[in-house]
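The two complexes that follow have chain A in common; it is paired with chain B in the first and with chain C in the second.
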Partner chain A sequence: MTEKFQFDSKLKKNLFIAMGLGLVGLVLAFVLYPHNSHSRFWTNILVNSYYFTGIGIFGLFFVAAHQLGYGGWIVLVRRVIMSMSGFVFVGAPLLLLIALLTWGNVHNIYDHWLHVIKHPESLPESMTTKAVFFNLTFWTARIAVYAILWMLFARIITKYFGNITDKRSYKISKLIAAMWIVVFAVSESFVSWDMIMSIDPHWYSTLFGWYNFASYGCGALSFAILLTIYLKSKGYLAQVNENHIHDLGVFLFGFSIFWTYLWFSQYMLQWYANIPEDTMYWVKRAGTGFHTSMFVSLAINFVLPLLVIIKRGAKRNFKTISFVSVMIIIGHHIDFCNMVMYEPNVISTGHGEHGHHALNSNEATALYAENTEAVKEPAAATEHAATDAVTAKPEVKAAESAHVEAHGHEHGSTAKSYAGFGLVEILIFIGFTGVFLYMFFNELSKHPLVNEQDPYFKESQRHHI
Partner chain B sequence: MSNKFLIGMWDHEEVFLHAAKHLTHDGVEIHETLTPFPVHGLEHALGYRETRLHTAGFLYGITGTTMALLLMGWIMSVNYPIVFGGKPFFALPSFIPITFELTVLFSAVGMVLTYCTRNKLFPGYVPRIYDPRTTDDRFAFVFDIEGKSEADVAKLRTICESNGAVEIKTKEFKEGDGL
Partner chain C sequence: MHAYESDYREPLIGPSVKSYTQITDELVRPTEGVPPLSWWILFSIMGMGTLFFLFCLGWTIWFGIGTWGLNKTVNWAWDITNFVWWIGIGHAGTLISAILLLFRQRFRTGINRAAEAMTIFAVICAGVFPLLHTGRQWLDFFIFPYPNTRGPLWVNFNSPLLWDVFAISTYFTVSLLFWYSGLMPDFATIRDRSKSKTRKFIYNIASFGWQGTAKQWQRFESLSLVLAGLATPLVLSVHTIVSFDFATSVIPGWHTTIFPPYFVAGAIFSGFAMVETLMLIVRKLFKLEDYITVNHIESMNKIIVLTGSIVGIAYITELFIAWYSGYLYEQHAFYNRALGKYWWAYAIMMSCNVITPQAYWFKKVRRNLLVTFVLSIFVNIGMWFERFVIIVTSLADDFLPSSWAYFSPTWVDIGIYVGSMCLFMTLFLLFARTFPVIAIAEVKSIFRTSSAVAKAERAKEAGSSSGGYVGSYQVGILDKDAKN
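Right after this comes the complex of A and B.
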């Protein structure tokens, strides 16, 4: 029995409708937000292709890790998880396209460091050590290498891991898995620095690669759960039962907590150390709408799984786990928007020399002060509060906010942010989900769903926890 | 408290598990089940309810969270406020690691103590040893036969025998033997 998935026209039609909505979203973003070289349009493409490519390569990582760690239970759902890499053949070229378009100044996502490398005399000391990395040729070449490696391994793994029949092919699969884990670990960290962290080249976080990895993990496991449940509801994968979903749910729970740990570690260390370069990242996001989305994403990605799927029964209940999965997919999209959207979507008119250069510390603080009446968030205020709050009096708080406001007016609030989370973001996200699912089902329909010759097939069949 | 027991012993895990299913199905009341190691699926076969230990753990954890936040919040912002690095007195992010630690500590210690108390593993408790071999190579069901008629006991014996018990014996404890 080699059951195959039939990609029927009804499903295709639904996915085309989703893609159509995405196209509408892209057109709307292009027309409605022409500011700053259509940066809202480009940042949306970056966020979505980055997120879904990450989900795809995480699927490959997940099966490879299980192959190396003798994780036999995964055999029944392995094809589902592997097939998510179908999107890599769309997403990786899109990321490469974004990198190539940087050459023609089509978009302004990486203008902050492009400006710096074009004017070496303005290179701040904190960036001299990073100069090697901010080299347009090297940078583009790196992204091309990741894209090629990902597509290559997606081909190899989806082809090979479903055809393990004997000892020899099993050993080769372990070799492939080991190679892919090394490639994945390095390329995943680097791509997060190159494509996301470099948007603000002054800011850095040493756990950023891990942080993005955890986000991919949550997204990929959520999709794996949802798609497995969907396929079961269509009558496929009859042997998959709540034990397999339970295990995926345990991973989803674990990765959500892991993500929170990294999010908090990043936030708290930068809040505590109070180095202007670091706190900038948080100041910029505060008071521009992303302050709210930061807490919304924390609520969805941490509090929801913590309270809802901690219980054994919840992980085995298809409805509960599906609901949490959908929410987590949305939550991590919001989190990625939060990472990417701010910087390229800000127009600063104060410095006529560069029409749309990125904000410096004072401008961001001014923007923040303009957008918030009183300073409520300590993280934002500390930059100035550090010098002020030497007296332990209740008036300190008032003094802080007065100080920040004074700063704001002193430097003139010339920055305007077009960053936001609105209809276009939602439409484009739906569109990319449509493309992702189309590529997934397309990949899935090419191979038998379950390889019954796999040495671990019986273990997966009898999986019971 | 009853002092008279019938002990049926098995020497194989699978047979024992089967016997558990049959006995539960027939509605035989089992006083105690003893195995040398955890038998997979035994709790389902015996129809045990899901443990409520994790609910207790959650409550202990919440207590830990509250305690940590109240204690630190009170000390740092009411009792002895000191400015550290220009941070507010109630600097929530810096409290989170300790809050996390106390949550884990409270839930872990609380669950261990609850578990031990519930299973009568506290100091000074003298357990009743039905048969020492249940810690080695024997699986046993213990039936309470205090006040039961000869016929009922004989019936229990036949049920055990027909389900593959290798040894059946009765044991009587003196009043005050164990707790």
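Right after this comes the complex of A and C.
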């Protein structure tokens, strides 16, 4: 028996409606928010492409990890999980497109480092290493490499992992899984630095890559649960039962707690040490109306799973687990908005280093050149002190904090952010969900749903917890 | 009814084990009769080392912390390094008991008991160091927050060091409960076999009068699950808080957000390495090759290559971010770590933790016991140096170059560290002599699904050409048996 999914026209129609709503959202964002080279429009595309691509590659990671770890129970739902990588063929090129459009100053997402790269003569000392890392060719090439590798492995894994029948194919699948895990671990960390952390190039956090990984995990496992339950409701996957959903629920619970753990580690350590270079990231977000969405995302992504799906019964109840999954998918979208939206959408009436967000990079450079004269005194003093006098560290720290504080007020009183979470975000998110699901069902319909020849098929069939 | 298991899974109980009785016999035997000569030799050496350990503790308490090699910038060195190292080792036990239980990994049954015991002993060794480094050990009870007459002398709840006190004491308590509750049915088994009355009496008390009724088993299983649920967050919290000791500061090289998850990964890494070191010795000493199979070793080696690589990614991330940050002091701290006066410590750390474990990508290496033994010791060394590198190199060059110093340990430093290892081994040898080192009841629970013999019987029923990964080999066991 080779059961296959039929991608019928009714479902397609519904998904096209979702995509239509997304298109309306994009048009609205473009028209209503022309500020900063339509940054609201571009940041939404970045958030959604990044989030859904992450979900896709996490699906591949999840099946690969089970292949290496002898996870036999997954066989019945493996096709569902790995088919989520269908979106990678849309998302990865979109990320690459965002990178390429940076060249023509079409959007301003990366302006903060871009103008520095283009005009090294105006380079503050603390940005010298960034000039190497964000060399535009090198940066774009890296993103192209991730995109190509992800698409390549999505092809290989979706094709190969459904056809494991004997000792030989089993061994090869393990080899592929091992290679993918290494590729995933490296590319996932790098892409989070390249595309998200770099939006504010002054701020850095060593666990940022792992934090993004946990977010993908929560989104991907939620989608896996919802899609499996949906397919069951349509009469597919008859052998999948509450035990499989339970296991996915356990992983969802685990990843939600893991995400919170990383959130807390990052926040607490920066709050506790109270170094201005670190805390400005939080001040900007918590001080500009983002605190609501920060707490909303914590409530949905931590408190909700903690209270609701810790119980065995809740993970085995399709309605409860579906509700939690939907909420978590939304919760992590909000969290990515928190990470991305602030910087590119802020319009500052202040001056100096942080003043250029509002402008495209040419204008920014011009303004920067003018303003560096004005701010050069304190800034230059700080930087020279830093290089010349290693001995004078405490004083340098003080000078640096004074410098940051002096500029900090721009974000508070005079900066106006056009970032927010409103109708356009919701519509664009719905649209991307439509594309994601379309690519998923399209991928799903190409292969049999379950490989009954798999050596672990019977284990998965009799899975009981 | 037993669960189904795929033919592609290798057996977890060796081919010579045929029955439940045999399992009981072979696993209880080390606690009965006179231990082998090798045990006595090891025990005497370790016992003497423990005495020297106590001597060094006494020396420190009598003459003070000044007998250590601390200097004006390195005011925290081997004491905290040893502490973190031991706490890290103490992680694998509860990880194997709790997390592998939740992940339903059957290979845990062969190694969980010894790993849990190791946890308890390692935490005991770890606890010595913070208590000792307070300087005035007779005031150590100040760490407990209770209403007192000392006026403003009250614990500092803002300090991660105090959080450590809570985290570690909770961890120790739960690990002890977990370990002990698992031992109860096995103590009863020993009691039921013993001939001497005294022995019967002692093991009966130790087993809390366990009878093995259905009700007792039911409650036993609920207790295991509750404790597993409690222990899992504890495994994470303990080393997270240990990492906070450093990461909440503003010292370049310490203040980095990746510390919590990376310390946890490192702890699991070193814990598994120590389990391997011990299990390879125990396996040989008590002839337990059928219960701690090459398959177990291979699974542990996989965890080692995984956690070793996670640690490797963390090292590289730290280096990268230090460079990326553009922050001069951060850059200096890491440059100094890798190429400064402690370059040799950094080189040992990198090669033992990141480079050599990569050999485990190859199946042949994972299944080679000698290589495994050597590499497990490398990991133990590497993980000690990791803590040394983090702690000492970050402190040695402080903000005032005129005070920069180089740390050299004194004989007291070395004596306490080496002595703590002897204490650990002494406790472990005593444990191996009086307690069942392998969880008898748990091994029995997988006998019908995962033993070589059960697999062979199933393969025979299905016809030997069932296409199983090890199918033909399994039936081979039965044939050989028939000939004998």
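Everything that follows uses one rule, which is that the second predicted complex is superposed on the first by the 395 of 465 C-alpha atoms of A that agree within 3 Å, B and C clash if a C-alpha of one lies under 4 Å from a C-alpha of the other, contacts with A are read in each partner's own complex, and residues count from 1 in each chain.
Assume a contact is a pair of C-beta atoms (placed from the backbone, for glycine too) under 8 Å apart; a residue touches a chain by one contact, two chains touch by 3 or more.
Note that this is a predicted model, so its numbers are computed, not measured.
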item	value
Chain A residues touched - chain C or chain B, whichever exceeds	C
First (chain B), second (chain C), both or neither touched by A:T2	neither
Contacts of A:Y272 with chain B and chain C, given as first, second, both or neither	both
First (chain B), second (chain C), both or neither touched by A:N105	neither
First, second, both or neither for A:T128, with chain B first and chain C second	second
Common interface residues of chain A - those touching chain B in one complex and chain C in the other	268, 272, 386-387, 390-391, 464
Residues of chain A touching chain C in the complex	68-70, 72, 125-130, 133, 166-167, 170, 178, 182, 185-186, 189, 193, 204-210, 250, 257, 261-262, 265-266, 268-270, 272-273, 275, 277, 386-387, 390-391, 393-394, 455-456, 458-459, 462, 464-465
Chain C - residues contacting chain A, complex	3-9, 102, 104, 233, 236, 240, 244, 247-250, 255-262, 302, 309, 313-314, 317-318, 321, 323-329, 332, 361, 399-402, 467-469
Contacting residues of chain B [partner chain A, same complex]	40-41, 50, 54, 58, 81-83, 85-89, 91-94, 96-97
Residue ranges of chain A in contact with chain B within the complex	264, 267-268, 271-272, 274, 310-313, 378-379, 382, 385-392, 397, 464
